[in-house]
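Next up, some structures in structure tokens.
Look at the two complexes coming up: chain A is in both, with chain B in one and chain C in the other.
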Partner chain A sequence: MRFSRILMLALLALVAGVAIAFLTPSSSLLGLFAQAVIYAIFALGVGVLLRQNGLTSFGHALFFGAAGYAMGVILTLDWFSAEIAIFVVLLGIGVLAFLIGLVIVRVPGIAFGMLTLAIGQMAYLLATRSRGLTGGADGMSIPWPSTLFGVKQSVLLKPDVLFLIVWTVLIVVTLAVVWLLRTRFGSITEAVRDNEERARFIGITTTVPRALVYAMSAVVTGVAGVMSSLNTGFISPESLHWSVSGIALVMVVVGGFKSVIGPILGAIVYFLFKELLGDFATYWMAIFGAALIAVIVFSPDGIAGALERLMKPRHTRANATSKSGH
Partner chain B sequence: MTSYVLETRDVAIHYGGVKALDGVSLTLGKGQILGLIGPNGAGKSTVIDAITGRRPLTRGQVILDGQDVSQLGAVERRRLGLSRSFQRTSIFGGMPVRKQVELASYKMGMSDSAADAEAVLEELDLARLGNVMAEDLGYGEQRRLDLALALVGRPKMLMLDEPMAGLSVKESHDLAQHLKALTSRWEVSVLLVEHDMDVVFGISDVVTVFELGRVIANGAPAQVRADPRVREAYLGSSA
Partner chain C sequence: MLTINLFNGLVYGSLLIIMSSGLALIYGLRRVVNFAHGALYMLGAYIGFTVAMQSNFWVALVVAPTAMAIFGALLDRYGFRLLQDREPLSVMLVTFGLLLILQDLVVFIWGKANHSLFTPELLNFTVDLMGNQVPAYRIGVIVVGLTVALGLTLWLRFSRIGLFVRAASTDPVTTSMQGVNTDAISAGVVGLGSALAGLAGVVAGPFLSLTPHMSSDVLIDSFVVVVIGGLGSLAGAFIAALLLGMMQAIGAVYMPQVSVLLPFIFMIAILIWKPSGLAGSRT
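So, the complex of A and B:
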């Protein structure tokens, strides 16, 4: 698909977001939508890692929670203005993840997953034990200023405004990811994922691109963390817990990791299940689990994969040959 | 000053007490084809691994165009012009043909990677399949794509590990003739590991025979074919 068409779709999505914000009658429902969108950004980050590196992270809550804690600490200690703090936090997360990535992306498969789990749980314990700085298990409030980017907090935190902000951020981040994956960098990371040895023998250094993908996915997850801290004004060690990483991973699997949009769909489905079934069934997660099994069995490439198959036939060799023009 | 494109001096790779390669010295001139034959386990693929930096040397040197590359990694050696294909087809299955060849050309630092990729695709009759996903290609086409990835960036030295494996007789014959033509048109030297003796003796300028990690014969094809040690060790009395 041409990027201009993707931009058009993004514009349509933006209009749809405005419609949702104005047509949704309930503030609590809008709040839930905002939470779903924040998790969609989170899942997008986890999905990018799986799509481009072929690596499964069980510890991305590290970057989700760290973004909130970093915002909280910086604003509490008044190091930077909130606007600058957002960029500093995201940059810091990118650099930190790149350095971690340089070490751990060399480890294949399940061992990589276990390493991410270990690092994530270390951060969870650190946040729990550092009572003086983080409030320990009680968590900490994030002292957002009365105005952010010139907008009053009272306006910013209105459910419809907040929803529109996170919706717009989701669209911008998704566009940025899609653009980046269409550059030469995207091709290099695909090559490394598909066949690392062959990649080396066409002159590609394989560790740095993988570490950069890890950093990129961490920054996307960090954006979700910043949005979440703005939404709740609070952060606790629970945000760093492995189960949060697990939820994001489930969203990715349900939505499908082969397309960029898949994890976003997964997050939406997850929250729909939670909202629709949560009122009727205490153990709604069990029902969601059954749905997860069904997706894995019947459509291993998730909802996005199923939709793609429904909307267009497989890109056959015959039509690819005719399009090549040679 | 040497006139060889590739020279290995006393190259050895030992795994504990096992000598996969034991003092291998080879030379190859510009545009030459060196056919490397020997029974399974003789060390033919290992010598390619040693030259390309896939496996570290226990001792010895690898000289490319007068430069000692023994201490360089695989990526650096590839950029200097040491290229290879693999025994099992090694391509990027989830990527269209043209995209991966162009990417390889770009990583080789070609100023016009699109033009270089197109030239390679034309050379190997893959241009019409440029938009096809590599995983959708037939086996013979995948082998040619493997060769295309090795050929981008105008390498000085091409090492092919059983490129005819799994091909029909006609495909093997066509590819052999193609290789012969390539060496003069692209000024590339070829080290060819192959079990098809008709191909090896038909297109090689020099044939080297390996047994148990050592060179047991080396010379012009007719000379090697007539060597009693080679006949006994590998070719058999009917060769």
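So, the complex of A and C:
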């Protein structure tokens, strides 16, 4: 797909978002949509790592929660204005993740997943046990200023406005990811993923690109964390728990990690289903678990894969799957 | 203080031996990182609780692992065998889905309240250990852990089935070409591994309380043990389990603030030094 066409699609998505914001009657439903979109950004980050590095992270909640905590600490201590703080936090997450990535992307396969799980759980335990500023197990509230980027907080937090903000952020982040993966950087990381040894033979240093992908996926997840902290104005250790990472990973696989758009679909389907099931919500996790197993068994490439098979004629399928997500 | 902590470390290490040897067996044969193992541990504990209420602890100690063994064999036959050509990630997430289902099932049947298994009469006394009074039950836990370790090692080393298991873990295709029924071996091994999870659940019942969230901590510690030991290596898992128990015990005395982090720090250090773990050659 040409990039101009992707831009057109993005514009269409933006218009669709405005339509959703205006046509959705209940503000609680819009709140749910906003939450779904925030998790879509989260899943997009986890998905990029899986798609581009072939690595499964069981610890991305670390970056999701850390973004919230960092915002909370910076705003409480009044180090920067909120606008600058957002960029400082995202930059900090990027640098931190790059450094962690340099060490851990060398560890192959399942051990990588367990490493990320360990690092994430460490952060969770630290957050539950810390006293003072971060409030231990109770969490902390995040003192957002009364105006952000010149917009009053009361306006910002109106359900339709907030939905439009996170929707726009999702589109911008997705565009940025798609663009980055179409550059030389994207081709290099794909070469490294498919065969690290051969990539080294043709003169590519392999650790740095992989660590960069890890950092990029962490920053995307960090964006979701910042959005969530704006949405709820609150952060607690629950956001750092490994089950959050697990759910995000499940969204990615259910949605289909082979395309960029898959994880986003996964997150949105997750929240819509949860809402539809309303009355059964007590046993929501069991229903979700069963749905997860069904999707993995019957459509290994997820919802995105199933949609693609539906839309593409039979004879071009082999051709189409090799180009998915471009 | 240190003695009693070291003792408790040994108790927890023994529990981890029972848990992680099951995980390691299943990984060795099926290459599956089994998240459901934590759920089987929990299910074992709750079934043990119900059975112990109706009769006594010793019956529970037999019934719960047996029930889990049957569950495990079915899981292998209708789960892992059908999915054996899929990517490891997919199968891992299937077991994660199973964990979610079983966790809610436990809430559905037994509710959210905490339960506790009573210590059996026979072991309900204390023993003097270098000036400290320790419950005899906990000594029993250590005995069970060491028995499991010794029993599994001897079984794998000297029995004919043990030979088949080791062969199938190394190369399932060649092993089945030699006439070994690897499907039956797999079902048996996954059944055995699940039985061990159930056993760990019942054994943990009298000293860790039963909650719908009880699986999480033990499961993660068992993962840490199996990864540190070298995925699929039993001997590595035994050593790592005891090390982990000890480390938490000593950490609780000298570094109470960071003792919960020690297993993770240890694991990160080991993996960076040797990505395949202490005893492992597989990745």
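As a working rule, the second predicted complex is superposed on the first by the 309 of 326 C-alpha atoms of A that agree within 3 Å, B and C clash if a C-alpha of one lies under 4 Å from a C-alpha of the other, contacts with A are read in each partner's own complex, and residues count from 1 in each chain.
Quick note on the criterion: contacts are C-beta pairs under 8 Å (C-beta built on N, C-alpha and C of every residue); 3 or more make two chains touch, one makes a residue touch a chain.
Values in this document were obtained by computation on a predicted structure and should not be read as measured data.
Of the two partner chains placed around the shared chain by superposition, chain B is the only one that A:F201 touches, whereas chain C remains out of contact.
In the superposition on chain A, contact of A:F149 is made with neither chain B nor chain C.
By the touch criterion defined above, A:F298 reaches neither chain B nor chain C.
In the overlay built on the shared chain, the residue A:E190 is in contact with chain B alone; chain C does not reach it.
Listed in rising order, the residues of chain C touching chain A in the complex are 33, 83, 86-90, 92-94, 96-101, 103-105, 107-108, 216, 220, 223-224, 227, 231, 257, 260-261, 263-265, 267-268, 271-272, 275-277, 283. For chain B in complex with chain A, the residues that touch the partner chain are 52, 54, 74-75, 78-79, 83-84, 86, 90-96, 98-100, 103-104, 106-109, 127-133, 136-137, 149-150, 152-153.
Only residues 50, 56, 103-104, 106-111, 113-115, 117-119, 121-122, 125-126, 129, 242-243, 246, 249-250, 253, 283, 285-286, 288-290, 292-293, 296-297, 300 of chain A touch chain C when the two sit together in their complex. On the chain A side of its complex with chain B, the touching residues are 184, 187-188, 190-191, 194-195, 197-205, 315-317, 320-321, 323-324, 326.
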